[in-house]
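Heads up, the next two complexes both have chain A, just with different partners, chain B and then chain C.
So, the complex of A and B:
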């Protein structure tokens, strides 16, 4: 895939940070507002795919190797499973929410009913949202990047 | 009628009767089912998991194994796609 015109490149590089911030907001507020790791990760990966379409796959693969993306995805998966195993170690069962009610991190319990959203709640759920978010960002962007790079090299050989 | 067509007609009749009677046995429209599990989750979600978003707490806490399976599916899909297209690139 070759790069597109200068207008497209300028507009996409202006709107890219806004898309990234919106996706990270959806990931980090997954325990308060609709959304979560999967949805926010899809938003961020769509922004990265827009940059890929605007700048071309050769420029993008010079900035971000697909090897690093698969490493990042594995790190997300390992963090997710480690959090589940920590539930087995510190709590009672696999996937136990051992942080809720503690003073450490994300431990506050909101009062019942509709309350003002407090980001310091949710126990292990925000951390799992971050892990799944990293995993989805890296996974989806790696798929798009590898497909675009494979098609561009085949066109070059013709 | 050949044996193959006869088998097809019998199969069609069995499926049609099954769908007809399951349509008759559907519970009436607009009447909610008995929902003990829903009430339990809605009542206990803020005390047990500490989140205001009930859907996320169901996905990541009550049904954590389901999310683990989803993550595994995504991981397998990414690994397969990267394997195929890396071979294609060379």
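So, the complex of A and C:
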């Protein structure tokens, strides 16, 4: 896949940070608003795919190796399972939400009834959202990158 | 609390979690080197297998284990994700763990020269985790999720040799059938959820009314699982997938297929257990009929194959028919205590025992076929010959597999098949005649294979063929020794492992009472 015109490249460079921020917002507010790790990750990955389309696969693969993306994907999945296993360590069961009520990260328990959304709640759920987010970003982008790269090598052979 | 109690208490979760964690650690470990990765995968599956045996030991003693995810206690089990392990689940988990462990040991040498091996091992571990999830879960929706995990991971594994067009085709067929089956399952779950507001198997079984919608759901559930288990007329993906996948993948696939069979039994006996008494005979006879067709068509197709692996795949189809026959015969007399003791229990013991035996026999034959392929790069029966001279251990393993799969004493297949023949003969002589006929035809098929692959004059092009590497011999040796032990002491296995599993299926009330203590039926 070769790079596109300068107009496309400039516009995607400008909109790329906005898309990334929006995706990260969806991931980090997963426990408060609709969306979560998967949805936000898909948004971020589609932003990366836009860069890939605008700048071409050869430029992108020079910046980001598929191998590193697989590594990142594994790390996301491992974080998720480790968070679940940590639940075991506190005398409870697998997937136990051990952070709730601990006054630590995301540990606040919101008061009952209708309240203003507080991001510092949810226990391990936001952390699991982050883990899923990392996995989805890396996984989806790796798929798109590999497909683009494979199609560009075929073009080269012609 | 000591470590054994801790492991036992959390074992249902750990059996799924450890392979899952291992699956995603594998790509990181394979950055060190390949040997470390192989050892790591074998260790992970060895650990899982030992936890499975620990859990099974406790479950066979009569304790049903429940495990509620993410809670401090057992409160509100209906809305939580719940794992429930009874003897039948533990029995299936043992089969799955043995097959997965053997597969990775075998893979060490068998698949060494291929690229992308970190992904291969990741997918093997994912398939195994999905398989364990399917047999241990106590929740219908969870069953669907694990079925999908197993399907997607094993689809990629079937198409692992992507440089061969046929394996990609087999993978595509498999994913199409799996997706349709999974959609059937999802639709059936939606029908049940819409009526009873529950997804938990025990809660549903307590509430189920056998209304018209429930009957539709039952048909969909049996069709979905039968599709995944390779029952005729939905078997067409199975020979392709089994024969085109690498041998170490096939043996994991056999385990995944057995997990789908478990789905049929769980649905018929537990989910609909309380209401299937209303028309046990009709559903039982349908399953028996499916079993008979599967058996006959499987062996008939196996007779005419000229490809080694495809031939074994068709005999695997036939073997699944035996299990359906045994379990279906039990289902026809369910609710009639006298008939149940005389016919039902022996037939179901035979059927359940045959699940284990089939996994081992067919697994061993596939490993032998893989070894032949590894040594000669050839699977066509017309071109092979005289290999007994070069590969003596493999020949011995093939003879063991041959005797076991065609039900010849003293191998394990004899014990389970004899139970099926004796009990179905009392139900209807035609059933056992068809079963014996297909068993004899299986023997004929494999004698033909034995003759054309191992006997005969040594061919000049196979002069340089050597015995396969140690890891493959060890893997085949493990299965062959289990087959011989099971064949020599069938009573031991039937009394300690099979009987608890059968009584777990028949006494479905215990399974339901574990979650709904007020349930009164199912005695």
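For the reader, a short list of remarks on this structure follows.
In this section, the second predicted complex is superposed on the first by the 157 of 158 C-alpha atoms of A that agree within 3 Å, B and C clash if a C-alpha of one lies under 4 Å from a C-alpha of the other, contacts with A are read in each partner's own complex, and residues count from 1 in each chain.
Following the convention adopted for this analysis, a contact is a pair of C-beta atoms (placed from the backbone, for glycine too) under 8 Å apart; a residue touches a chain by one contact, two chains touch by 3 or more.
All figures in this text were calculated on a predicted structure; none of them were measured in a lab.
One of chain B and chain C touches more residues of chain A, and that partner is B. Contacts of A:28 after superposition on the shared chain: neither chain B nor chain C is touched.
In the superposed model, A:95 makes contact with both chain B and chain C.
Using the contact criterion defined above for the overlaid structures, shared-chain residue A:147 touches chain B, although it does not reach chain C. Contact with both chain B and chain C is seen for A:81 once the two complexes are overlaid on the shared chain. By the touch criterion stated above, A:71 is placed in contact with chain C alone, chain B being left untouched.
Of the two partner chains placed around the shared chain by superposition, neither chain B nor chain C is touched by A:39. Residues 70, 77, 81, 84, 94-95, 97 of chain A are contacted both by chain B in one complex and by chain C in the other. Only residues 10, 13-14, 17, 20-21, 23-25, 27-28, 31, 67-72, 81 of chain C touch chain A when the two sit together in their complex.
For chain B in complex with chain A, the residues that touch the partner chain are 46-53, 55-57, 59-61, 64-65, 67-68, 70-71, 74-75, 77-79, 81-82, 85-86, 88-89. On the side of chain A, the complex with chain C involves touching residues 70-71, 74-75, 77-78, 81-82, 84-85, 87-88, 92-97. Across the interface of their complex, chain B is touched by residues 30-34, 36, 38, 66, 70, 73, 77, 80-81, 84, 94-95, 97, 100-101, 106-113, 115, 117, 121-125, 128-129, 132, 135-136, 139-140, 142-143, 146-147, 149-150, 153-154 of chain A.
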